[in-house]
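Next up: some structures, all given as structure tokens.
Common to both upcoming complexes is chain A, partnered first by chain B, then by chain C.
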Partner chain A sequence: MKDKIVITGIGVLSSIGIGKDAFWQALEEGKSGVKPVTLFDTSKLKVKMGAEISDFNPGAILGEKGLRNLDRATKLLLCTGKLALDDARLEIDDINSNAIGISIGTTVGSLWSISEFDKSALRDGPHFVNPAEFPNTVINSPPSQLAIRLKSKGPCATISSGFTSSLDAIKYGIDLIRNRRAQIVLAGGVEEFCEQTYLGFYKVNFLAGVKGPELSCPFDQRRNGVILGEGSAILVLESEESAKKRGVDIYSHILGFGTHFYPYAINKYEPQGKGLKKAMKFALEDAGASAEDIDYISCAANSMQDADAIETASIKEVFGKKAEEISVTATKSMLGETFSAAGVLAAAATVGAINKDFLPPTINYAQKDPVCDLDCVAVKSRAARINKAVVNAFGPSGSNSCILIGK
Partner chain B sequence: MSDTKTIESEIKEIIAQIMEVEPEKITPSAKFVEDLGMDSMMALEIVAAIEKKYKITIPEEYLMKLATLGDVVAIAQQFIGKS
Partner chain C sequence: MSRRVVVTGLGVVTSLGIGKDEFWKNLIQGKSGISKVESFDVSNYSRSFGGEIKNFQPLQFITEREIKRMGRASQLVIAATELAFKDTKIDAGHLDSDKSAVIIGTTMGEANIFEILNKAWLERGLEKVDPFLVGRTTANLLSVNLGIHYKLGGINLVVPTACAAGNYAIGYGFDLIKEGRVNFAICGGADAFSRIAFTGFARLYAMSADICQPFDKNRKGMLVGEGGAVLILEPLESAQKRGALIYAEILGYGLSCDAHHMTIPSEDGITRCIQNALKETGVRPQEINYISAHGTGTAQNDKNECIAIKNVFGEHSKKVAVSSIKSMLGHCMGAASGIEAAACCMAIKEDIIPPTINYQTPDPDCDIDCVPNEARRTKVNIALNNAYAFGGNNSCVVFKKYER
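Showing the complex of A and B:
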């Protein structure tokens, strides 16, 4: 008998709210995190918008000391970890530190630091680089800094599987608990907003605003690319037994997980959604659930022409007739595309929807597209009771993951 | 060429910033490790920052001798003079 895995704490830093309560409220209000980019100059680009966390003040959450050399991704994650621990009423001490693990998805989290380190070597000469900035250039830096700050001594993992990273990190965290390698795992993901990532997405023609309106409008006929965003979320995972022993509230259960990598082509969505369909089927099987049990799907739809249509068709095939009754949301309409962090942000949003009895909206929806014809909770949230929900994450290079969350 | 007082004040500011302590605490004889809580990464960063500021190279064998502000100023001056 597998341990039942529950969520007992949530930390969120997003462009629409900091802390889970602000985040859930913003989702219910259909707030947009998209605004003109302020972190770097976009005057020479055709696009100007992003979903930055504009009121980010790490000192207010962590205290001012010890932050000086940390990059934005790491500071985002440290703040998220602090919020998650507080929310889970968990204090790490000498007695429990060996039992606390960390599992974080991030893929381009170090890109800015690598670039700045290289720029310094080129500008000032290789002898004059700052050795204290070098640790930021490795991809496992944010989770490792989190473990150092929290003094947690359990396993500390970094999962870099692109768009599915943070859902895959949750699965890794579940396995750590079920394999008795950790009692409690802080699982989630982080991506920072930076010029290098923005330019990368711009140059591969993924950003909205070149071929149409500069808008994150998933499922809408006008969709023409993503609005890049940033964010971080951590779920505190433990077995149901552990949560009961600690006497803490349980927000939700993680009932199942499925993943399938379908190799196709770099930066191109596989048109049939073969991998995504398998990931959803595996998650249902893992949870011992059927299509009929699902009330809500938090989609990965990100306002790309092909991605949203592929996800719609995949849901219709996997859920059959039931797909007509299931409400779906593209939280990326509010949060932008946060890449590795998107899965756990969608999961944190779904836990809010389950606990607060609402369906988050797909904002900016105005023009119907016949190939995206699910009930996408257009523009405004709705009251609803959700018992079981599916959260999807998938990307153009083949990774597809799905988790099933229940009350 | 900077005089000793200017160099001392500039280096004190660099050290205070890296160690996140008030500049007044960095007296010429206060011991970095014992009195001010310096760790090895801070030591490397301080040397790198001084090398960058004055465009000098402080050889590795000098690192162990940098125990106080007074030591750092004296050694920095020695190499600033050479450059």
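Showing the complex of A and C:
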């Protein structure tokens, strides 16, 4: 018998709110995190917008000590971890530290550090790089720094699978618990907003604002690319038994998981959504649920022309008639595309929706597109009871993952 | 469901040989794969040696068109996979995409592409940076490129847990097969020789000026290497059914985190990691014949690893053979524990333990049997593969000679 996995704590740092309560409230109000980029100069580019966490003050959450040599992704994750632990009423001490694990999805979280370190060596010579910044160049740096900060001595894993990283990290965390490698796992993801990533998305023509309005408007006819964002979220996972033993509140159950990589091409969406359909089917199977059981889908739709249409068609195929009744939301309309962090941010949003009885909206929705004709909870949130919800993540290089969350 | 998991194929691309046979022959002869660094200009560094693979010809494995579209780390891992497929006599086209996994570990991902971009950025300005290359930089592309090359779907992940990454990948593949989620797993690690890694380790004063001498009193540090390694994992039944050669059985693994320091390994974390591996597998210390050490050749690592081995093995610590093949290959980063896992499998299959070369002066802090300078013929029934990493991400995988 597999352990039932529950969520007992949530930490969120997002462009629309810090801490889960602010985040959930902002979702309900349909706030947008998109604003002109302030972290670097965009004057030479055709695009200017991003979903930065503009009021990010790590010292206020962590205290000022020990932050000096850490990069932005690491600081984001450390703050998120602190919020998640407090929320789960979990204190890590000598007795339980070996039983606490970390599993974090990130793909370009260390990109800024890698690039700056290398450029400094090229510019000033290899003897003049700051040795304290070298550890930031490894991709597992943010999760490892979190383990150091929290003194959590169980397994510490990092997962990179692009757009699905944080959902895959949640699954890795679930497996750590089920295989008795950890009792409690802090699972989630982080991506920072930085010039390198922004330019990367710009150079591969993924950003909105070149061929149309600079707007994150998933499912809308005007969509023409993503608004890049940043964020970090951590779910505290444990078995139901462990949560009961600790006497803590349970936010939600994680009922199932499905993933399927479909080999197609780098940075191109496979037009038929073959992998995404499989991921959703596998998640339903894993949960022992049917399409009829699902009330809500938190979509990966990111305002790319093909992505949103593919997700719509895939949902219709997997859910059949039921797709007409299911409400779907593209939280990326508010948060922008946060890449590796997107899956867990959508999961954290969905837990809020389940607990606060509302459907988060897809904002910026104005012009209907016939190929994106699901009920996307346009512009304004709605009150609704959700029993079982699906959270999707998928990307243009073939990765697709899906989790099922229940009351 | 709980199934036995076996290793049925090995593919390695290293400075000591491409393909497991050449690699193993050189390894047990105690040869060195270390040479002058040639892939970038090291004239303004105080160090100049590394473990580059000088004779790697990607065209033997991948088309020219593909080579242009991927970095060297992806090329190394695809080459290793091709060799592993040949070794296990499986045609990738016959695999079931719903029941397969590709799990690859790495430290730096496609660092070489970053290095090209960063150089272009500094020298010619941002506008001149090749947009095509920008989309080829992310670490997840190691497993993605592999999946696309073989048109193989399924579970596809990169586990970038730095220098323990290969072991993490093998461990997760083991879990997936054991519980029946997949019937076939391609697991391992890859890292290309990286200017960024070379710069960093040089600046940390962690790098030797000439040779790598793990456990030697006068050891002067590690050397950066590169490589790719892949193990084919499958359930015992499927290996038996197709009459595959079984190198070893994987009994399980242990993980732990130091939660102490980003670059200084802790004896406590390593001790707990080995203990977790033994606890999970039910193996007693006296049953272990060989430990493939992390053994980087830095003062701190080797000392702390030896303390941990003594903590766990007590009196038996002097009787178990502990060698570091990093003495021959340098530290191949995310590929290292994958390569070392392949060496464990070969040691079990051939009953030979590869040596720690360059060993001259005993160190009282490292008073273990490091199989100095010459390979040893002895029965190897159970082997541990130790790997530690930046961030204190520790891992230890347990391999056993296959018995019915």
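Keep this in mind: the second predicted complex is superposed on the first by the 407 of 407 C-alpha atoms of A that agree within 3 Å, B and C clash if a C-alpha of one lies under 4 Å from a C-alpha of the other, contacts with A are read in each partner's own complex, and residues count from 1 in each chain.
We adopt the following convention: contacts are C-beta pairs under 8 Å (C-beta built on N, C-alpha and C of every residue); 3 or more make two chains touch, one makes a residue touch a chain.
Note that the coordinates shown come from a computational prediction; the quantities given were computed from them, not determined experimentally.
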| item | value |
| --- | --- |
| Simultaneous placement of chain C and chain B on chain A, clash or fit | fit |
| Contacts of A:Tyr264 with chain B and chain C, given as first, second, both or neither | second |
| Contacts of A:Ser165 with chain B and chain C, given as first, second, both or neither | second |
| Following superposition on chain A: angle at chain A, chain B versus chain C, Cα, nearest 10° | 60 |
| Partner chain in contact with A:Lys321 - chain B first, chain C second, else both or neither | neither |
| Contacts of A:Lys65 with chain B and chain C, given as first, second, both or neither | first |
| Which of chain B and chain C A:His127 touches, first, second, both or neither | both |
| Broader residue contact with chain A after superposition on the shared chain, chain B or chain C | C |
| Touching partner for A:Pro143 - first (chain B), second (chain C), both, neither | second |
| Minimum C-alpha spacing, chains overlaid - chain B and chain C, in Å | 7 |
| Where chain A meets both chain C and chain B, residue numbers | 127, 129, 131 |
| Residues of chain A that touch chain C when the two form their complex | 44, 97-98, 101-102, 107-108, 111, 114-115, 117-119, 121-123, 125-127, 129, 131, 134-135, 137-141, 143-145, 147-148, 150-162, 165, 168, 172, 175, 179-181, 199-200, 203-205, 259-267, 275, 278, 397-399 |
| Contact set on chain A toward chain B in their complex | 64-66, 68-69, 124, 127-132 |
| Residue ranges of chain C touching chain A (in the complex, touch as defined) | 44-46, 69, 97-98, 102, 106-109, 111, 114-115, 117-119, 121-122, 126-127, 129, 131, 134-141, 143-145, 147-148, 150-162, 168, 172, 175, 195-196, 199-204, 255-263, 269, 272, 276, 280, 389-393 |
| Chain A partner contacts - residues on chain B that touch it in the complex | 17-18, 20, 41-42, 44-45, 48-49, 51-52, 55, 57 |
